[in-house]
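Here come two complexes built around chain A, the first alongside chain B, the second alongside chain C.
Moving on, here comes the complex of A and B:
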């Protein structure tokens, strides 16, 4: 009856355990009464439970462990000859009478362990005997566990150097031979399991084999723990023998696992010195073996080793590890035509990691790896696999992380080529990684050439890519990307004005291709970067002699005009207007009247022709007034023209309150505190009176429209201006006028139709307090304020 | 029978890959140390005779694979353990963070009858590295964790220099001895229900 399923298996296991416990009980009794005969009988019966074929390796292991623990007790009994009176030599013969082969061999191994320990015979002889005898069990699972038992009990009895079981000469070789033989036999059993039973249970077989693999692999662990296996012996005997077995078994599961084992259990130094053998095995493995994982793990191990201490690096150089690995990878990729892109790229990532750790100074190696990857990627029509894409990003990120400096990466000629293989979306992600790296490390990119290369790398962010679906753009992402580009522009810097100007021109060339969506982000950065250069030159102007001076403020201002003009395609008149005004201020500081005038003209043209929205107009007019007020470069004529324009715009604003505020702000254009000759009190008063008229008109309009008077805010604000100019000593502003205005405001506030406005109340109260304060303070100012009667 | 059983003490060493489990065992049993990293596959044990309270014991020390992919047969060997040694590398935070996982995994898999009082010992290994300058887990932090798990004894060790290794294993042996052996369920044979004796 064939029973499958976990439940049945549990039942078989429980029965097996019960069988072991049952016989173990009688075995214990026999041991307690020093009855060798009974002990042998019941231990053999107990071990018979291991003859089952019904259990999966996992369950069989549980059963095996039960028997294993019991055998330790038996072993102790065997050891103590005083208890049973039989010499170990005789005992070794005696147990061979057990009827069944499996119990017999377990008992033989157990006595063998005691035999070696007793040193009655050379370890070598006993081990040789045991490993030969175990051939008697050819059932794969039972055979594997039996041999694993042999491996375990002999583990500390190998004739290793320095061991108490070391023989006369060449005994390490005996130990190695023993383990290798056991390994070979186990591997054969393990591989054979694959070919048992019908093809339909292949999957089940593979699962079982995977569970069993550590039994085979453990032999390699034992080999690695033998102290006598020095590099010489490993290189000449151990590795070639293992590799021979691995290659010849022609089983992909075994090959993959055992290659992994070799890499993990033997030390790094050995791998470095035997790279040829190890790498030479790779092309000989079955085509279905996942060599890329094997090689990746080898390189990861070696990378960690290289990182562990600088002292080991000469070893890597001595054996030309990079060249060997690089060649092996090339061969594997070439041979495995069906290897998916992700596999090949993963290999290159491992090789790159290795290179960066072992040869951080060899940029040519790094570039070589990138070049090889580019070559491979060029054979793939489109990189559609997201895992492959991820690996490419890892490949490109590795040098950035290593060098913490984009400038180094910019020297890698193959870097942009690899990046070009990414799809548009990922290309942008990578570009962001690059920018973030620059920001994090505050890397300064200081030559036009490097800027050129950098912008070529970042082109996914700088301009629309072919085939990019604009509709799919995420607004938020786009904003973040462009803000990053804007920040990046400030990291491009050179102390030399000439070089800096070239950088600005390069950035301009690239950003101008960005189209209407990007320009509003990039143009301001570029403008301020150029203005920074202007500010640097502004002090030196007088010192520079000679004709050939390309980096002059004048020239930069020309460039700035063109840059700002580019915003017209957006269009972004408000932004352009702000930037023109910034430029005007800079020109002012450079003492360039015509240039400054031109910028104002540009701003005014925009105001008149492009800025139609009334709110924007208000903002713009105040910016214009503010900037104009600070200008000192203009002669009377130019200044009058511009001031005239500005006051004209102010009076023509759509809403009365806006008009009023702009007009009283204009008063400052005629009174610049720190400048002689610009204290035109009359025109200040004209502005304020005009503002009052407009405020009055606004009040009346509100009356007509809503039947109540509008807020007195405007009057209060104008009063503030009166006080300002009064204090500044404008003779046109009299205390009487101020008194009248205060009266007017108070009357308005008390009128029935007044709309209560706490802000205005507070503002007024604060001004009145100020007047009182000045009066009390006395002095010249106090006297002046004294004339205001409240 | 009880006296015979107590001659063997079973100890399991657990911990992340590369923390020095094999090295600690080799240092204690063979007085040998190698700087080379060699992964362990499956489970492997060495024995050592120890004299304790005038009696001789055999300490069976199980070294295990820290890498999961080299533990393909599962952990049936946990069964019957008398003490579990949890090892971490004082220079690697993650190896310390994982102690909890190792402890819980052990309790689940070994299923001792009294998990609350099952003896554990924690070893913070590699204290020699870089003169202690690369250390990231403080003794205080480790001790606090041990205290929170029922006052687990804690030792700082260096398998490389043999520092504290004997002291740690002496404590391990002492705690293993304190562990009450599990009752062997059904050890006493019932009536013969099924035919074992078919050999």
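Moving on, here comes the complex of A and C:
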């Protein structure tokens, strides 16, 4: 019958409304003329319109509301005994003479309301009678609305604490009993609605039922509003009764809604004290009930409650909230075999959130949750579901966000296990989250064990995972990832050199597995991290002589050599060369001549064998010269060998200007501006002269090649060197030589074929100004410069 | 003309008044012509006393062979209308033969009259009580006047009044257990009870409780049974499920009931039944009928 079109339904509704209006009109007339008999007759006729079976709940509600409004007027009339002259007791009987049950019960409820207000009978008796009599309506929709009417008119008449209807014989218990009974009956009707009519319209019916659910839920709301429902009563009576009904009704829609209702309407502290009952119900619910949402909401509420005030925390401990929740979740997951992975994980996420908020100090709890989740995940082949993956990420991110400190998370033994269940892509994302967390909070990871664990977590970034499709990698992402790893390495730090060395070894172990693509990113960080340790050891070397110390600079340098050598598989000779030079410098500071020499050797080998590109060579040679210049550890022989090599390389560069620059740079190798530094003026001059020759040659080559002489830049630059050494007191550099050079430059500049070059002009002018300045300053230096005639 | 008219008109006016007529309770009674009149109410063992006054019309005299008043209890079967069976007949002679010239008043009294049966007005039978005044005359018909009154007899609450409890059903289809709190109800009583559904495999639409009256007249082969449904009271709307229990509360006062009459003077019986009717969605009816006894309780 319900299957007919919406149009028909509209028509039926219109007819119903017309019927109500018609009879209401006569009822009003009777009310105005104080005619009780007629009033009862027409009100019963009016209410008969509610006997229809043709309307959907939505439309029926409209009809009900019309009747409801009319009943308010009737109630006013009933209240005023002077109008109808019948005592309320008699009236209560009189309305029961109606032959049809539905109008009879609506009228009975209406009079009942007046009856209670009159206080001629104890409220509890009337309420009990009403709720009992309503059993006569077994039709789901009609019954629900009737009982909803009963709930509505009785709301302000319950014998609650502090209510005017509370008496010696009437306790709040009676009020509770009444509401509970009405609730139970309504729920039964609501559930029964599901089984009405043919099975083909299930979906439609579920929708209809959803529209009606608040009628049922309102009872729970009323219960929560009863003042007298204290914790004790809630625990002993209210909750067990509700739960009993929820479990027994065996209807997924009702169970889900009502569980949620319970959680939402009753206070948090009640939930906390009755966790056992509430959670005990969960595994008993139908397998199709969305328990995870229910439990999540419960845990959300509880954690909000915990966050509301620190005073409530002892309560949580006292009732062992965590243990209970954890157990309940386990049971639910066990009971609902068909629950998808995402459901189970969501539950764990909620539990974890709860734990983190309520027991931030209990790391073991967090680990337990992760452990349980890992156990569950192990039973599933592999996470393919993207929603499930998301939940796992949420699960793993939660502790990081909470503690702001990866160190804490690293203590969670189950953390990596859970992470292992992620697919490669997500694993990387998670790893990035971890690194970002470390960076953001500048957490310092200070023990080798933790480093070990951390790298285990990050292995998705550290090395190629099995089955990962390398081609798919986005270059940008990869760079960012590896840069993050490089940054991370600097966060691994311990003040104890020994520990630090262990950390370095651990990092090395992991990074070495990274393959040629990753090494260029990770090795420099590692090297500098090690060098930092070396520098620290430098200071305390004296104290630890003679002991069997594992962390000696020597040892570290050995390690460094190996690390840098690993770059050969990349290959990245320029990088390796720089690193060698860095190491050499560190070795120099540690006074380890052999080590430093060895590093230089390595660097030279690289230069010779690997660096073929001329531009790279130029850069490399300048680096070598710069580093070598600063070395103080070498004996004469070693130093000679190395400087010789360096000058040799410089002279063999491909382009003349490069040669020239490298050679005049070499001049510094023979003049170290320290107190006891090497000062070999002659060889300095030799270098500069050689540079001049090369510059000349370059000039001529330019003339031949292009018909114009190149810029005088090289000369100007060489002049600068002259001036430097002149000022530093190199006896081989004379004012005459400087004068000559200046002359030469000027001539070159004025020649027709010269290409003007503003940069060199400025450079020259600046130097000339400097000479003037020194002259004017006077003193020893002034006298010295005085000899330069411009 | 005058004479002629006078011949058809009663020669006198007879009025019957009860000595406690002003205070005695009056109850409505339906006459044969459908009109309702108020008549006095008596019960068994009461004294019925009063006055009868005879007033001849102006200038008339009545010659008579005597005046008497009778108290009659009659049963009238409608298939045998006009033929009264008197189960009670008491006579008081009021006057010896003579003449009445002017208004004359006679007191009368029937003391502690045994009136075992209640007045009853049914479908096929009527039981009535009447006072009949007769002025017998030598010539012409006797002059008669009637005054109806109603008799109701009250019973104390029965010492034994068991509840009616029964389990009925159709195998594998419907199984119910019902209970009415008593088997004997007074006229203003209320029936309390419940119906408990043990098994429901049919789609019930609603359930009613009916009060039925069964009036049987005659005896033997001539027995005539008439059944009326006096009340149809909806107990339940919609289909219950197993385990539901539906309350019954039916007030009897709105219905026009009489006490149960069993074999009144071998002429008739009036019995009452409660009929529990379940109607399914195909409008099939399932019912179970139980007799209840109705009695008149002395109103305090």
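Here is the rule we go by: the second predicted complex is superposed on the first by the 610 of 790 C-alpha atoms of A that agree within 3 Å, B and C clash if a C-alpha of one lies under 4 Å from a C-alpha of the other, contacts with A are read in each partner's own complex, and residues count from 1 in each chain.
To be clear about the criterion, a contact is a pair of C-beta atoms (placed from the backbone, for glycine too) under 8 Å apart; a residue touches a chain by one contact, two chains touch by 3 or more.
Worth saying up front: this structure is predicted, and the values here are computed from it rather than measured.
Student: May I ask you to decide whether A:99 touches chain B, chain C, both, or neither, giving the answer as first, second, both or neither?
Tutor: In the superposed model, A:99 contacts both chain B and chain C.
Student: For A:264, decide between first (touching chain B), second (touching chain C), both and neither.
Tutor: first
Student: Output check: A:218 vs chain B and chain C. Expected answer is one of first, second, both, neither. What do you get?
Tutor: So A:218 only meets chain B here.
Student: Examine A:657 and indicate which partner it touches, taking first as chain B and second as chain C; both and neither are also allowed.
Tutor: It touches nothing on chain B or chain C.
Student: Figure out whether A:112 sits in contact with chain B (first) or chain C (second), or with both, or with neither.
Tutor: neither
Student: In the overlaid three-chain picture, which partner chain does A:152 touch, first (chain B) or second (chain C), both, or neither?
Tutor: First partner only.
Student: In the superposed arrangement, which partner chain does A:31 touch: chain B (first), chain C (second), both, or neither?
Tutor: In the superposed model, A:31 contacts chain B only, not chain C.
Student: Looking at A:137 after the superposition, I want to know if it touches chain B, chain C, both of them or none. Which is it: first, second, both, neither?
Tutor: It touches chain C, and chain B stays clear.
Student: Does chain C touch more residues of chain A than chain B does, or is it the other way round?
Tutor: Result: the larger residue contact count on chain A belongs to B.
Student: Who does A:192 touch here: chain B (first), chain C (second), both, or neither?
Tutor: In the superposition, A:192 contacts chain C only.
Student: Quick check on my understanding: which residues of chain A belong to both its chain B contact set and its chain C contact set?
Tutor: In chain A, positions 51, 99-100 sit in both the chain B and chain C interfaces.
Student: Write out the stretch or stretches of chain C touching chain A in their complex.
Tutor: Residues of chain C touching chain A: 206, 231-241, 244-247, 249, 251, 253-254.
Student: Quick one: which bits of chain A touch chain C in the complex? Just the residue numbers, please.
Tutor: Touch residues, chain A against chain C: 51, 93, 96-97, 99-102, 104, 132-133, 135-140, 142-143, 188, 192.
Student: Could you please specify the touching residues of chain A with respect to chain B in the complex?
Tutor: 15, 18-19, 21-26, 28, 31-32, 44-45, 48-49, 51, 57-58, 61-62, 64-66, 69, 72-73, 76, 99-100, 103, 152, 155-156, 210-215, 217-218, 220-222, 224-225, 227, 260-261, 264-269
Student: Give every residue of chain B touching chain A within the complex, in rising order.
Tutor: Residues of chain B touching chain A: 1, 4-5, 7-8, 22, 26, 29, 32, 34, 36-42, 44-47, 58, 60, 65, 67, 69-74, 76-77, 79-80, 184-189, 192-194, 196-199.
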